[in-house]
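Remarks on the structure that follows.
Each chain carries a letter (A, B, C and D) given by its place in the written order, and its residues are counted from 1.
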Amino acid sequence: MSERFERVWTVRFSDTDPFGIAHYPRIVDALHETSDMFMQEIGFPFWEITEEHGYGLPLVEMNFEFERSVEAGDDVRVTLTPDLGTRSVRFEYVARRDGEVAFSGFEQRVCAEREAGSREIPDDLRAAMAPYAEE
Amino acid sequence: MSERFERVWTVRFSDTDPFGIAHYPRIVDALHETSDMFMQEIGFPFWEITEEHGYGLPLVEMNFEFERSVEAGDDVRVTLTPDLGTRSVRFEYVARRDGEVAFSGFEQRVCAEREAGSREIPDDLRAAMAPYAEE
Amino acid sequence: MSERFERVWTVRFSDTDPFGIAHYPRIVDALHETSDMFMQEIGFPFWEITEEHGYGLPLVEMNFEFERSVEAGDDVRVTLTPDLGTRSVRFEYVARRDGEVAFSGFEQRVCAEREAGSREIPDDLRAAMAPYAEE
Amino acid sequence: MSERFERVWTVRFSDTDPFGIAHYPRIVDALHETSDMFMQEIGFPFWEITEEHGYGLPLVEMNFEFERSVEAGDDVRVTLTPDLGTRSVRFEYVARRDGEVAFSGFEQRVCAEREAGSREIPDDLRAAMAPYAEE
């Protein structure tokens, strides 16, 4: 019952620098957009969870390594794999161009209620993410 | 032989402001990305035309009107219709959500060579855009 | 008692494209940031007016013309002049590099209450903007 | 002869999300802008080093931790301290609001020539950064 979350990010001219490669902040935009697409895919979009469920998944740490540059027109395949903890989840990213890793890393997110602070990840959210996690 | 260029822009959480609606600069990003997607569609991507054809389509004017705000999760259908002049082209945009216009406007672009300045739009580019123009 | 609002935008490497000139969306970011700085200067910051005064200044139209490109390291002097109407205000921008106009245009904004729609610009906001307006 | 590099980032309305706090990608923009300002300060701006010196400082890793959220209108003091290696340099960032750390982290950059790959940091660049490094 394992599923895999992947999206293709096409690097645009407006993402690129004087050497024709993507600016780092634009890569971070693409990674962040990927987390947004994943949460939508599993039925817990960022724009609904607080209002409808009363908690959020704020970012507490991000770490990315850049191995190969990407250029305008490149189709970059970005996978997101959630690594589920008790009160937090790590979104692990690998981005490949032509099968080779261009950049990879993670976003560490905690489950938190607006006032009460961190809390356990609720069962329904855990169940929605679990099929995408590594066994 | 008329064709229509349309893309769907899904507004993301990270595009939205304290009222839950998209920030204007993020809307401009989405419009600009649409021009990039159109040029790729017709076979003259922004990232190739200068190197391969020796000219570009720099922006000389932009005008947008905002009628309705858009929110995270909205699927905004953006159409781009080129209005072809002799030495310039106007990209006309209409963005609809649930069938109603949210924002619309145009980008005026001139055909220009890096050193020589403005020039006529070459026949092959004109032919590539023409099917998408209004009759 | 006339005052002049001007800020200097230093174009950054991360704003520039493969030709070394600023991407248009990054110019729009800089213009929008200028409106934010102006509202802060006159004591009605965007982040306070709705909460403290019960209205906002949503954008209904933007128009910009681009005459000269700007490059990383350029210090671009951007002036903002409010043109006050009864229920709306037009922010007029002129951006110069080395004294020559690089780009210019306007943002048309209406005064609106969240539920009730457009309203007259209140006297205190009008008084705060007036010294910066053209005579 | 120790110097300290610090800049103030004023969070803008257009940086903020539905909870009124800055979006993460906008924080990354501000951090990246800080590196650009630092390189300008020491006389080796990003937009000149490749053309004039024949090398660059591409990013190979970034790591940031977020401890406190920041809001529109906040003046965030960001310090950048270079930690100099032989062929690489780590830019260490600490961002404080009202004296308390809001976010911190590093960018790891290597010194690289376009074709030849990584190289030692040249003496003049090292000398320019050294006064800002920790003893």
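Operating definition for what follows: a contact is a pair of C-beta atoms (placed from the backbone, for glycine too) under 8 Å apart; a residue touches a chain by one contact, two chains touch by 3 or more.
In this text the structure is predicted, and so the values were computed from the model without any measurement.
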Contact-richer chain pair (by C-beta pairs counted) among B-D and C-D: C-D
Distance-maximising chain from chain D - centres being C-alpha averages: B
Chain centre separation in whole Å, for chain D relative to chain C (CA means): 28
Distance from chain D to chain A - Cα centre to Cα centre, in angstrom: 23
Rounded Å distance between chain B and chain D, as computed from the means of their C-alpha atoms: 34
Junction residues of chain B, two or more chains touched: 13-14, 16, 18-20, 24-25, 29, 32, 47, 72
Contact set on chain B toward chain C in their complex: 18-19, 24-25, 28-29, 32, 47, 50, 56, 58-67, 69, 114
Touching residues on chain A, where the partner in the complex is chain B: 10, 12-14, 16, 20, 29, 32-33, 36, 40, 45-48, 71-73
List of chain A residues in touch with chain C within their complex: 13-14, 16-20, 23-25, 72
